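Okay, structure first, notes after.
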């Protein structure tokens, strides 16, 4: 099985974190490819940045999906995920969706620990769009500007643990979601140090993508995830045009 | 006052409908400019198409906003609206947001009459993202494929009226929203024929944009609509880069 | 265009604040009339007081609406608004409804800054009745008894600013609603001092009322805002009786 | 124990139905007094009519409560109930609130069977204000104009039964609420004819009022149901003024 | 009238508290029987303990209901209540359901004061299952391990009062629910000491059970509370088998 | 890896369906054991039957979990799942929870196709308890009594397909959940025949259980899924007592 993970940000250092955790998480026989967006920002914290990331992800997915069994949008917030689900012929998931699925299998209410204050609004809206408000205990984020997006775990590890403790004791979290590709692998390295189960997006997305491939649930021919009706278009890359030409 | 309306689709015929209704709706002294997206599809019905439209809208808004007092995203579903609200220094609204604001000032529950079946899921998610589920009575759409997106009103006018009647009598709507830029101006031409108040997006957006300019509510310096934190970027147009360089 | 603003409270000093801000906010050519309730209390903080205010407002609206193009219920909480919307032949809005419409056009989540602690429950229920719970970040109110309802802005201005700051930084507000007719005009005088956009009810209601008149959306002939079915009545003023005699 | 039931409508024939069912429902030793509103309409179907009814009810409650142990607002929709709860020193309930409390003790989801189509919007908003949307299966109403408000049960009995059957079989109701004072006693006379438990407002209100008197839960000295803060007032009846003068 | 109260826990000391408050609360002529579960734990704080308690309650109810007019599940959280409502031929209620019904008749929002921190998640889920999230102001619990479950009121009375005060002043509660059978009677003994109305489960359940018997609302023959369809079973007690053999 | 699936019903024929689909779904190296409840009913459709099934499942889980890496509650509705999650030291999931997790990874809204009308209320409450109401498009069930619970798929296959089609076309489902252990394997055998992705509970539960074991998220030491506080108990089996004696 071949999985394509697309980092919607331009940071190669974060792509390396994603790749390392994906490889550690994958089942035997699963191959991992990670691509980095050629356009966008260093890391996504806002709606505008996510909108750019969604577009960049779509370009890469259109060009590269054919050689893979499933695609993962490898940023928390899942920029463009539901859009891609309409047009890709293979399963597609994202770090948030996958992490929340894991969290919901482990407890009733989860908290999200994030890398900044600003990012919280975007995450809250993502959780709401998934209809999971009633299972969200809280979102807590680091207070300080990030010096090095590829080394948040090293610089801020203890602060992240402290935030997780507060989520459990003050907010009633049953599960902690360590959010954001820059935290990929942190759940693994903190194993045993947190008072409740902890999940991260990359390992969840890899495993759930494998499951979706294995279950072979079929593709939408009708409903809101069938391919869009065909109509004139302009200014799109050949790969995107090809996605839009698919017969249902 | 100068308003910039951006059609996120590539259809010039729809841009003309938008322009005509915008001019009819504007207050004395308001100038209207309408731009058509250079990339995208003929009309947006799905999440993927909306994602493309959001990106195209952002490019045009970045390049052209400076000469205007406010910007309107002129497609129902408001592709990219909240993203643009973070980075543009002027007020920005969209057809759905504006039409729903009007509807909420006229009754308790509204129905949306739309140009296709497929488009309903995207509209439903847009309404949900605005937190207005409890005020949505129903979404009804035309059944047949659209032969000519610039002439839906002419071809399908009676069917649209019949859908609106059912929204009132079967779904409990107090107000009808005639949705989608291809229906721009229909509320005006149906005046007196529907059993409840009817609103459309273009006239609502023009008037509410004027109001936002007049009220001078100030711009976000903090919170989730302040400009995104500055960080490295790549592959973006000079105009988009300039938006991201703004000091807060 | 002629707008009738009805202060549901007996305080002439508050009516003056309303009139001054309404005049400052109105478009050229709009005439403003403000009436003060002949019965009721000095300012509304509770459900019982609002119920009295609704009745008083209805009497004045019944007697005076005919000479105006639209009516504004000029107390936060909008006492009697939806009731009047059933029987008045012209558009009608209220300070809360209008302020929240403005707020929703400026950001995702708003906080309300209010003149007392007690008033918060009534405001919360008003927001809920409008279905906007998911967009409400918080309601904060002044702690101390009000010495002079006509001079809250002067006496408590700095405290109100401090409450607004906490709404942004602690509660995640994107927009501040300065609530209550006694704060009419405060958003204008604080321009530039708050970290997010601020709106007030009077200017929002004046502008949105103008918009509703301009859009000519039509009046309900069916549905829950059509005139009530005719039936025997007793003990009502001639003006109210006349409202109930209208043919649909 | 002495209970005061106030009919917010002017129909003496409905007051008689209320009185008869109240007397049949009361515990031994409970005395029933029913008053009819001197101002208002024949029966309440709309928000405007409810607003008038609330005011009329408040006048009667202010004048007559002192001789009773509890007060019942005897119209479905509970006009003015929460307002009165702030100012009356004794327990107060209403037909809707009480019927829904009974229904919630008998099953998970209830439907409301009502006397007209128009009345449904007002009932739906009442249920929402009580936070019980998720327990509401449906509201169904009679289709035809009411010839004689005091004889709905006789004229329309079979149609009401048929509506109740549809609520169970099509809408998933576990309990039927027969709504509106004109249906007082119908649940009793239909005993054994409906496929699920049925409740009405008058008997529920009488019994629950007795319970509230018996439990002696205490009166609010703080919070949103404490008496309103004292402040200037004008134009109010001596009885209402006396309610507003109470020390907390 | 004869009421059967079943304590789903094994603590005879708590059964005594239940019995005492039930007897104090019952109407003249009502006889009270209290049974203690023969299997289970000392007091229920968690979902697993509640699941055991539900099973034990069902055994006792199956064996003993026939001699009574109504059954009360006498633990907060109402273990097994909706299950028993399907199979028992008489009315059945529980401490939480009944206390919340009382609270909803006394104010808009209630807080729950509980005997431990751990128990709060279970109570929150119970409130949610009843659809009453929007009326829940907060749940606060004692911090310390319980030394003697039969004497919580004596040991922790002042702390419980302090928690209730915080619910009113910090959380906006209009009513306090003193939760858990170990607090049976505390509302009565605190009468006059709390700033808002206070209710407990035992007295509420006794009174509401009496009301359900008096109203004779009928039993479900269809819908989700009709007796379960007959089908093979195994390993059940004769009394439970008899419940499942009932004709609808 | 060894997985224990517990059928909370007494039907060996259904256990065989579960086992067959579990074996087909499991990854290489995963061993499957299926146990059948020694007490309970033939299949669960109601809350009472689910309550019995939860108790039976807990007994089997207590006795047999130690030899396995994860436990699956193998009935739709997940009787006792959250209870077991508190006390078992290994991951535990259930058919509904797992199927809904799969469905949420494949589309925005899902419908549930079920084996009877009666079962729908229990499923609806299960979905609500998981906070997924906003993602539920509908629940549809077979109309006729089940002749042979072990052969529903054979007897009713075409009817189930027709129900699924209506869920897509009338209710807006993006994904179909084929619900109930008696339908185990049907999604697989219908592959390619449904217009949207289809999932079933057994294969989803097996795969997600494998994922939870692989992710090693850690066990709750605090929060609402930590082992219950230790306290006296009585009448419990040695295996259940052992679960309650665990140190946190």
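Residue numbering begins at 1 within each chain, and the chains themselves are lettered A, B, C, D, E and F in the order written.
One rule holds for everything that comes next: a contact is a pair of C-beta atoms (placed from the backbone, for glycine too) under 8 Å apart; a residue touches a chain by one contact, two chains touch by 3 or more.
Source: prediction; values computed, not measured.
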Set of chains whose contacts include both chain F and chain E: A, D
Return the chains shared as contacts by chain A and chain E, ordered by label. C, F
Looking at C-alpha means, what's the farthest chain from chain B? E
Residue numbers at the chain B-chain C contact, same meaning over half shared and different meaning under half, come out as same
In whole angstrom, the CA-centroid distance of chain C from chain E equals 43
Measuring centre to centre with CA averages, how many angstrom lie between chain C and chain D? 29
Distance-wise, how many Å sit between the C-alpha centres of chain C and chain F, to the nearest whole number? 52
In chain E, residues with contacts to at least two other chains: 82, 85, 108, 120-121, 125, 128, 133-134, 172, 174, 223-224
What topology does the chain touch graph have (line, ring, star, complete, other)? other
All pairs of touching chains? A-B, A-C, A-E, A-F, B-C, B-D, B-F, C-D, C-E, D-E, D-F, E-F
Using the touch definition from the top, list the residues of chain C that touch chain B in their complex. 25, 27, 82, 85, 91, 93, 97-98, 101-102, 104-109, 130-135, 168-169, 172-175, 187-188, 191-192, 194-199, 203-204, 207-208, 211-212, 214-225
Considering only the defined contacts, which chain E positions touch chain A in the complex? 120-121, 125, 128, 133
Taking the touch rule as given, give the residues of chain E at its contact with chain C in the complex, in rising order. 108, 134, 172, 174
For the complex, give me every residue of chain A touching chain B. 10, 37-43, 45-52, 54-56, 58, 80, 82-87, 116, 118, 120-122, 125, 128-129, 145, 223-224, 228-229, 231-236, 240, 243-244
